[in-house]
Amino acid sequence: MTGVAIVGASGYASRELIRILLNHPGAEIRVATSRQDDSPRVDALHPSLAGRIDLACEPFDADRLAERARVAFLALPHTASMAVVASLRERNVRVIDLSADYRLTDAQIYADWYGHTHTDAVGLKEAVYGLPELYRESIPPAGLIANPGCYTSTSILALAPLIRENLVERTGIVIDAKSGVSGAGRSPKLSTHFPECNESFSAYNVGKHRHTPEIDQVLTDVGCAQGDPVEVIFTPHLVPMDRGIFATIYATPRGPVVEHDLLDLYRSFYKQSPFVRVVSHLPATKESAFTNYCDITVRVVRGKVVVLACLDNLIKGASGVAVQNFNLMFGHPETTGLAL
Amino acid sequence: MTGVAIVGASGYASRELIRILLNHPGAEIRVATSRQDDSPRVDALHPSLAGRIDLACEPFDADRLAERARVAFLALPHTASMAVVASLRERNVRVIDLSADYRLTDAQIYADWYGHTHTDAVGLKEAVYGLPELYRESIPPAGLIANPGCYTSTSILALAPLIRENLVERTGIVIDAKSGVSGAGRSPKLSTHFPECNESFSAYNVGKHRHTPEIDQVLTDVGCAQGDPVEVIFTPHLVPMDRGIFATIYATPRGPVVEHDLLDLYRSFYKQSPFVRVVSHLPATKESAFTNYCDITVRVVRGKVVVLACLDNLIKGASGVAVQNFNLMFGHPETTGLAL
Amino acid sequence: MTGVAIVGASGYASRELIRILLNHPGAEIRVATSRQDDSPRVDALHPSLAGRIDLACEPFDADRLAERARVAFLALPHTASMAVVASLRERNVRVIDLSADYRLTDAQIYADWYGHTHTDAVGLKEAVYGLPELYRESIPPAGLIANPGCYTSTSILALAPLIRENLVERTGIVIDAKSGVSGAGRSPKLSTHFPECNESFSAYNVGKHRHTPEIDQVLTDVGCAQGDPVEVIFTPHLVPMDRGIFATIYATPRGPVVEHDLLDLYRSFYKQSPFVRVVSHLPATKESAFTNYCDITVRVVRGKVVVLACLDNLIKGASGVAVQNFNLMFGHPETTGLAL
Amino acid sequence: MTGVAIVGASGYASRELIRILLNHPGAEIRVATSRQDDSPRVDALHPSLAGRIDLACEPFDADRLAERARVAFLALPHTASMAVVASLRERNVRVIDLSADYRLTDAQIYADWYGHTHTDAVGLKEAVYGLPELYRESIPPAGLIANPGCYTSTSILALAPLIRENLVERTGIVIDAKSGVSGAGRSPKLSTHFPECNESFSAYNVGKHRHTPEIDQVLTDVGCAQGDPVEVIFTPHLVPMDRGIFATIYATPRGPVVEHDLLDLYRSFYKQSPFVRVVSHLPATKESAFTNYCDITVRVVRGKVVVLACLDNLIKGASGVAVQNFNLMFGHPETTGLAL
């Protein structure tokens, strides 16, 4: 039984993570931290957990945490994560960081997109990108996992087979992405106020969303044998629903493509990946909601390859993949605790 | 053409009010105020009004307002309204106040339920309760209208015929009320954050909602001939929808009642009221959404009288009834501008 | 490992039941039936189950079912259940019936409310009402379980402590109930067409809902020592959300009541019941959604006892309580498979 | 006052049309038809219209219709429209057809996409495509208007300036479109059953949606001076909301483009069009919901032109544009009755 800490317990991803870990036979949540002054109980933060967890939050303290936990899941805002990682790693606590702080390998790109200087070069070097479907071999020994972004996972899983096989042009790829509102976090804002976003569909951060360089970077890495960097046009939208990300992706094939062959390629590419379902029907976010699955299909329309992919942003896009990483790091089957 | 001021232009009721007044042949919006520093344009506050109104907000200034407007609609938080009413009335500006500040005639009850001392005894005395269906005669000459609350209008219109005819017991009346989220205003809060209230139904302020004494007071007044005060058990709930209030009301008849006769009574009671529709089917909030109608029906179930009523909280529950009051005050037919 | 049959696999309750049983260590789904001609695969009926179950539906055949399954969950429309129960019982298959067919012990009341003559008097006699919180002792040996209705469970769990302790009047109890749309089943109808019920709140079947006599019957049984039958005024409403039932219940106390004492009574009453959470805050359906919990609290408002209760209609209101019953019948801990 | 007939009064577009025409000073609804046997009243079909229209539906009869109406709005399924148009035109009734029957000028393309032979070659020849922003000159004298599709209007208005100015490539244009559920009509289906589509986002008819050839045809016509046909990749999605269409469109510029200049081009292109709002912010469907506006903006992202456009599918995408056409045909200002 591995002692686990949840650092930043008040958000939605943390709530889902706690819910999953409570049913995980190899994990025990021993620490939960919060910056709230009054050390709220976890089930006061998350009434849905009433009767399921008897634990009060505490302020973050690396020493006290390290006494009880061998791994810390960080669910902190970016920049807050990099402020605590070193203290945990020094105490031999392994870290699964759900923030964006260790996803971009190039500190300059981080600075450009996030508007902050990166202050933990050591961590940045140690970090392993935690997308098991692509980096399953690197994760088990890792001390620090950069858990991928939700849009990012959807987009990368949807495009990786095409890029690795060099079937499509690497620039001009359009990722038209749609997210439920929980993707915006739990802090109330006007844009996520119910009467503003209910019964409305909108685009936001067009051309500016911070998951863009992360998608570029990982897909470029996926396709490294062929050299050219991948550069995507990424457009996020807000959908009046709680959870779910849907990406509709348009890529230009380098040569003739056949829909059936592409589906076969995807099935083969993911045959070792229990949480990617290559389906022949057009998926709907609801089919993967509350699960750790990413559902993907492919179509060819008037000469374009159209990939459609979806997942639950809070699970496969955050907490569930974090538990996949935990499983790989601590020697459990990848699916343990994730048959949701 | 009457010059109109909207004091506190940034909320939802103001947006609806502006939208209605823009099509009103007898009103011209000449002033809009906001406490925001940068004097935002009205259509920047409300992008849905783009191209429809060319006006920038200004800070509240009674003199400047009085030069241009003969009537001010106040859409301010409670206590903020009573701070400005006197300055407007002194300058002969008539006021339609959408806040709660002038609805309760007894300053002590106001203090008890709102937690503030009432500071405008003069205004309180002058104020006329602006529910045209009950006080149509008093409104035309009024200088200060206390526009009713949204739950209140629904509940009172649903119960007035029974109370006036003394058909039901005056205590123990249960008002189980349900509101869309826009009723909570436009300020983001955790409880109105989309992922919290979407796909959820909950009760709030049970036994404590401030519309309770307002309902008591007006219904007691409606039934004054019979003496006993009305005391209701009022339970508000939050529905995952934008707009609409639905009240399911349970009253104990004093004697035998027949459903059909009750429907006739309601039809007769409201036959001069163009915005009350007594229907025989069970109403749905969507049927009155975006209109100024209140839909009501009555059933008898196992000896209880069950009244079901609904309306659009932002229109019939706020801006629309305000325009009814405006029409009565300025000599227009009651329905002008309200055929939405 | 107990072989299990799902009879009528295409509905929402069946989908949830399958999802739960797939993670249940003591159950194996060996049979799924459907009246659809083409013997659809279960994951074709329910795409969310893709990759999780490899089973095709078959037509109902009691012999073939009995060869493989020791228990059948019937998720059929009323009247369809009573047409097959005898054939299963004769073959020693135990039955958990999710329809209404065996809930009402009096065939005449069934006929009055459902408009059909009851044709299985033997089954009616054998049936045990499957609400474990009240009938935990009778369920283990049962051959035929009448799984309770969703509104019914909510209402009964909310009222049972008050009735058993004889604290409230037995007539005039108001149950104002609200349900998500999945409660109406999976067959498309105009009233559950998205653009009709989204952004709308409405009442339906006022005074006529078939769960009424079921609530009366069970609560009368709960309070049998005191004699008088319970008769409730039950009003169902439709909420624009998928799942969840919320009941706001108003009862008249027979004597003085104190809120705090009532909460203690509820806690004590349910202390052996792992799936009833007596909470002190006002519950929201979302907190119990996707779980097998029923959350309850109590308030005293102007002399009335107000009980607020909610649960997930598809789980605690249907499939989850069915698995509780399965657990009790087959010797598993009541919570097995239900830590959702 | 022009006598108007609504042929096929039971759908959502008809309801909106009736609602608009009731406030139109130059129109009087004298006929409403329905295939329902019992000649339902219009306000029985649409309870929201209670108290606003006193008219019963009748079966379609060209003679009786022509006696009272000079124009008929046809809100019939495709193929049903072409079965009645000739009978109306022979009787000198002008027709605004909201179905797809007269939109495609090439009967073979109609047959290919709709799976039916076109049976009214005369009407096809007479029909004028009713998108006022592009064909304002042709509409006034028209006897038969083919009212455009909702996805189509959004897409065409968003792309017309780029195509007419020949600024973008004509193939490979990606139209990623999203629609509220009312776009699917009022007939209940599993895919539009609330619990299926609520809290879900999905794609449908990928590569096969019938609005595709309509967009191709009109944009090819818009860009006729330059010759090459336009061919779009059109992907429709279903959004869990009632109304609104949002299109995110990706086009490849033929040469360098500057965002600011593109916005200027759009403003100039639509300066005579009162219902197109070229905005600089990113639009949301809610801002144009319940209005006749189409909101459009443009961005340049990594060398692609990204156009974002939205409108209310039932108004600007159906009934509102129909009234624009009516206004142009009968000599009213284009905006009459449409200041919603």
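Order of writing sets the labels: A, B, C and D. Residues in every chain begin at 1.
We take it that contacts are C-beta pairs under 8 Å (C-beta built on N, C-alpha and C of every residue); 3 or more make two chains touch, one makes a residue touch a chain.
Here is each chain with its UniProt name: A, B, C, D = N-acetyl-gamma-glutamyl-phosphate reductase.
Since the structure is predicted, the reported quantities are computational estimates derived from the model, not experimental observations.
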{"item": "B-C compared against B-D, more contacting pairs", "value": "B-C"}
{"item": "Greatest separation from subunit A - chain, by CA centre", "value": "B"}
{"item": "Whole-Å gap separating subunit B and subunit C, where each centre is the average of the chain's CA atoms", "value": "40"}
{"item": "Whole-Å separation of chain centres (CA-atom averages), subunit B against subunit D", "value": "37"}
{"item": "Sequence positions of subunit C contacting 2 or more other chains", "value": "180, 198-199, 240-243, 283-284, 286-287, 289"}
{"item": "Complex interface listing, subunit B residues touching subunit A", "value": "12, 180-182, 186, 188-190, 192-195, 197-199, 240-243"}
{"item": "Subunit D to subunit B touching residues, read off their complex", "value": "22-23, 47-48, 50-52, 199, 277, 279, 281, 283-284, 286-291, 293, 295, 339"}
{"item": "Sites on subunit D touched by subunit A in the complex", "value": "171-172, 174, 176, 178, 180, 196, 198-204, 206-207, 231, 233, 235, 237, 239-244, 246, 248, 250, 252, 282-287, 289, 299-304, 306, 308, 310"}
